[in-house]
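Structure first, then comments.
The chains carry the letters A, B, C and D, assigned in the order they are written, with residues numbered from 1 in each.
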Amino acid sequence: MQLGVIGLGRMGRIVVDRLLAADHDVVAFDIDDEAVDEAANAGARPADSITDLAAKLDSADGKHVWLMVPAGDAVDAALEELEPSLSADDVVVDGGNSYFEDSVRRAESCPAAYLDCGTSGGPAGAELGFSLMIGGPADAYQRLTPAFDAVATGPDGHERMGPAGSGHYVKMIHNGVEYALMQAYGEGFELLHEGRYDLDLENVASVWNNGAVIRSWLLELCEEAFREEGNDLGDVADRVEGGSTGTWTVQEGLEQEVPLPLIYTALGERFGSRADDGRFSRRLASRLRYGFGRHTVPRRE
Amino acid sequence: MQLGVIGLGRMGRIVVDRLLAADHDVVAFDIDDEAVDEAANAGARPADSITDLAAKLDSADGKHVWLMVPAGDAVDAALEELEPSLSADDVVVDGGNSYFEDSVRRAESCPAAYLDCGTSGGPAGAELGFSLMIGGPADAYQRLTPAFDAVATGPDGHERMGPAGSGHYVKMIHNGVEYALMQAYGEGFELLHEGRYDLDLENVASVWNNGAVIRSWLLELCEEAFREEGNDLGDVADRVEGGSTGTWTVQEGLEQEVPLPLIYTALGERFGSRADDGRFSRRLASRLRYGFGRHTVPRRE
Amino acid sequence: MQLGVIGLGRMGRIVVDRLLAADHDVVAFDIDDEAVDEAANAGARPADSITDLAAKLDSADGKHVWLMVPAGDAVDAALEELEPSLSADDVVVDGGNSYFEDSVRRAESCPAAYLDCGTSGGPAGAELGFSLMIGGPADAYQRLTPAFDAVATGPDGHERMGPAGSGHYVKMIHNGVEYALMQAYGEGFELLHEGRYDLDLENVASVWNNGAVIRSWLLELCEEAFREEGNDLGDVADRVEGGSTGTWTVQEGLEQEVPLPLIYTALGERFGSRADDGRFSRRLASRLRYGFGRHTVPRRE
Amino acid sequence: MQLGVIGLGRMGRIVVDRLLAADHDVVAFDIDDEAVDEAANAGARPADSITDLAAKLDSADGKHVWLMVPAGDAVDAALEELEPSLSADDVVVDGGNSYFEDSVRRAESCPAAYLDCGTSGGPAGAELGFSLMIGGPADAYQRLTPAFDAVATGPDGHERMGPAGSGHYVKMIHNGVEYALMQAYGEGFELLHEGRYDLDLENVASVWNNGAVIRSWLLELCEEAFREEGNDLGDVADRVEGGSTGTWTVQEGLEQEVPLPLIYTALGERFGSRADDGRFSRRLASRLRYGFGRHTVPRRE
């Protein structure tokens, strides 16, 4: 089928490539001309604007446009430019990490059918395909099935979750769980690293990945990390970036009154790792030990 | 090769079957005669006591005995009966969930070479093979490689971690991580279940298992749980049993001064789920709200 | 000085009584006529509407109105009725638990000077006076000092924190800390209660309140709770109500990327105590133990 | 009454001074001669060995000895030297931070009655007196009441908790709660410090200490800390020392299956503050973000 893809960054480009590999007809646009050229070399038809992209899509059966731009203003900007070319027969897919309430709002105002599509799998999805969690009208989801089959790991790698917003909602929570899983493995390996035995952590991860209860893709990535960085993780800094989807997950937990202590703790570890001047809370606790017990207070040099 | 297997419960029986399937010669004993008969029907040579089992093993190249009995006194009892028949040429494997310090102690006093072997994979290991984390002398580990190949998922499914105790040490921490992973998935699915959308949780788990970052064997088991119990988990009670290996992991974290907040929280959720009279801490907090603010105190009926 | 007090519930009535006790001239209004009558009996001048209250205040030096109504719509409703009577010379105090961003908004649109005033101390403040954390213009704060002296514990019991919103901001965080303190004492007494010794918890609290590092007013309330409810807290249920200010505190922590694990955990315990059908996360964890280990799953009867 | 005091460090010296101030007859010993001289100058009778101290105590009504030495081996060493001089009529008080199981063991082997006495209040107790939590035989506790009255804040500042070990047990849990309270205040002040308003934290603490629900002695120490160190806590380092009593509390929670998430988290913050090479868990999490998403990994310089 025919699809326009807007946004040709790392993830957008994989979408293009997987659609092309499945013999779909792709029109590609990005604000970076070079990215458009590269997509054209790979077999996509280039567009020099969003309007041009829309014009190059056949309207007979409805146009299909896949957005793969950063969450936030970039999505609204692309939609603003795209919407004059859209009608009720068309389908827009937002494959980025948008906040689910933004997706609900966009679905309401978009002249076309709007599918919010949580995308997981990262660059490794280039070969394996992605996991796609999709929200929005069932018939639009149905119509794009051939495209989803191509971009996902296959027919099992995409699923309609429910109405507008539900795709990004499920992806948001996926990411919250992801934070906690990473921190859980981190705790285990920290204890193995600091503990009583001199262990080869790559070996530990490897033997766990072969038949142990906690085997997973993230654990395969742990194995890779120790292989590539060394048993002490070399010069990898104690600083974890990111946090927006985890923050949204915790906020939704507050809204729903569902306690998420592991996800919250994992998110807090990220925040804590970025406290460049030290944690004020602990500095106060240290000073209080002097206050009640005249314990020596360690001072900064 | 020739092996005696002591303990023919669910896990021990799988060890026997996988050894037999790889054409090893197995002598089997259990305090339950019926279990011995069943192992004999499967092709093992039956023994009617531990002494008998030892006698039926050929001493020429050293005897090999695999213990698969519950952690604790049962291991010491079996060893006490077994040790008179052992010499320095023999090898004993403890495949249960023993505390690693017990394994260090047993390795020191055992007349034979002693391998502590953490075993993960559960009943599913019958088909797939287990993940085996092994501690003890390298030559003994080497000698038993054909047996480990058979019981594990294959040559990649077992690994020598280090000296005595290190196998059970790594298994202990594996289990600590396992508690946290289970609770992390639990938090995600609780929020999905209580949240804004009416979601099919089996579908969510399924689409995540196809290409998403958090895919794992435990997530496949979540999928199975929703399929078998229903989207609301039916009559599964809010009561999580078990906890010894998680407790040991937390204790070791205290010893090593490594914070394990996710593992601790997951363990605490188990404890909390078993507080049949309610949590005293929360009852006091509720009463304090009356103390300072005259807020109504909910009372038991 | 002269003050109008709107809202004569438990807290508003204490404000009236303390103002009267300090010989201030109080005009009192509440939507409940009976509450107005009672305040009149105590010495206040009754008003039968907010407009009437405003009319009964002398405008010469500017009118002073103290709102003590529930946070949220009730504040906006009172202000809507009050504002036609206000001018730039007047001062409005919001002594309730308003969200600080609402206070910033109200301060911007209010024709009078607007002071947001966090009030802590609960009904015990009737005798002792309150702790007042005040945000808004310094001159308005200055002007109302005689009233604040009367309502607070004295001159040390009130303080201007900063510009609009800062009073309710500091009160919000006060309450977040309060949740954590209550849970911290709760943990200690739970362990004492479940632990090795048969202890008289009122005695423990009493001896701690006499000279121990953790002595506090909340600990005095623990002592009172054990005295009044008994060592087992009688029929106090495991259900902790409330949570809005704690939720706001956690949300602000997310916004500022400040981890608040103790406050979050204390809030989560409240949520958890209200999960009448059990915690889904733990039910799933229990079922997963069957999935990988064939452990028995406790079922609901 | 007559008492021997062994151990004249900061706390032991306060015990001596308070006993002297109440006109008790004190024989004082320390391994540091200078400390003995100073106690003698203050009015105590000096002893040059533990044996000498025992000899200087009148045996008619039984000897009374108060140990105030560091927990652990020092207590056993002192007792070893002291016990030949003791009989069943005598009473020994251990006022240090001993582990409660050690106290149970010592009480069993000590020829005299043995009272384990948890002591809280720190150097401030010099003026105010301490809070004393006492375990052991009721008659011995009764007999030493005059001494306890003097050392504690008064008759309300000491209490018999129960049999041997219960005094140190209650003190252990007191300290666990203390860790959590300090961290709870720390969280609140961290958020105030990092948050939206430019606040004077000493003022905040002061106004809270005057009538607010969370007022406490620790909060008075917060106020003092901001006054003495400044609003940014000056050069106080992010490093919290100590941890043994908190660790024991958590271990006892594991034993009793009582979850103590706040106390555990507070303890973990101490451990984390001492991880000089960064937290391995977070370093791994950061690297995993590259693994699945090709996110940039911050590196150490």
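In this section, a residue touches a chain if its C-beta (ideal position, glycine included) is under 8 Å from a C-beta of that chain, and two chains touch if they have at least 3 such contacts.
Given the structure is predicted, the values throughout are model-derived calculations rather than measurements.
By number of C-beta pairs in contact, A-B leads when A-B and A-C are compared. Taking the mean Cα position of each chain as its centre, B sits at the greatest distance from chain C. With centres set at the average Cα position, the gap from chain A to chain B is 33 Å. Taking each chain's centre as the average of its CA atoms, chain B and chain C sit 49 Å apart. Averaged C-alpha coordinates give centres for chain A and chain C that are 40 Å from one another. Counting only residues that touch two or more partner chains, chain B has 121-122, 183, 185, 187, 190, 194, 213, 217-218, 257-261, 265-266, 269, 272, 292-293. Against chain A, the residues of chain C that register as touching in their complex are 213, 243, 247, 250-251, 254, 257-261, 264-265, 267-269, 271-272, 274, 292-293.
Against chain C, in their complex, chain B makes its touches with residues 10, 121-124, 182-183, 185-187, 189-190, 193-194, 217-218, 221-222, 224-225, 229, 233, 235-242, 261, 266, 269-270, 272-273, 277-289, 291-300. Taken in their complex, chain C has these residues touching chain D: 120-122, 125, 128-133, 135, 152-154, 156-159, 161-163, 165-166, 169-170, 173-174, 176-178, 180-181, 183-185, 187-188, 190-192, 194-200, 203-204, 206-219, 249, 252-253, 256-263, 265-266.
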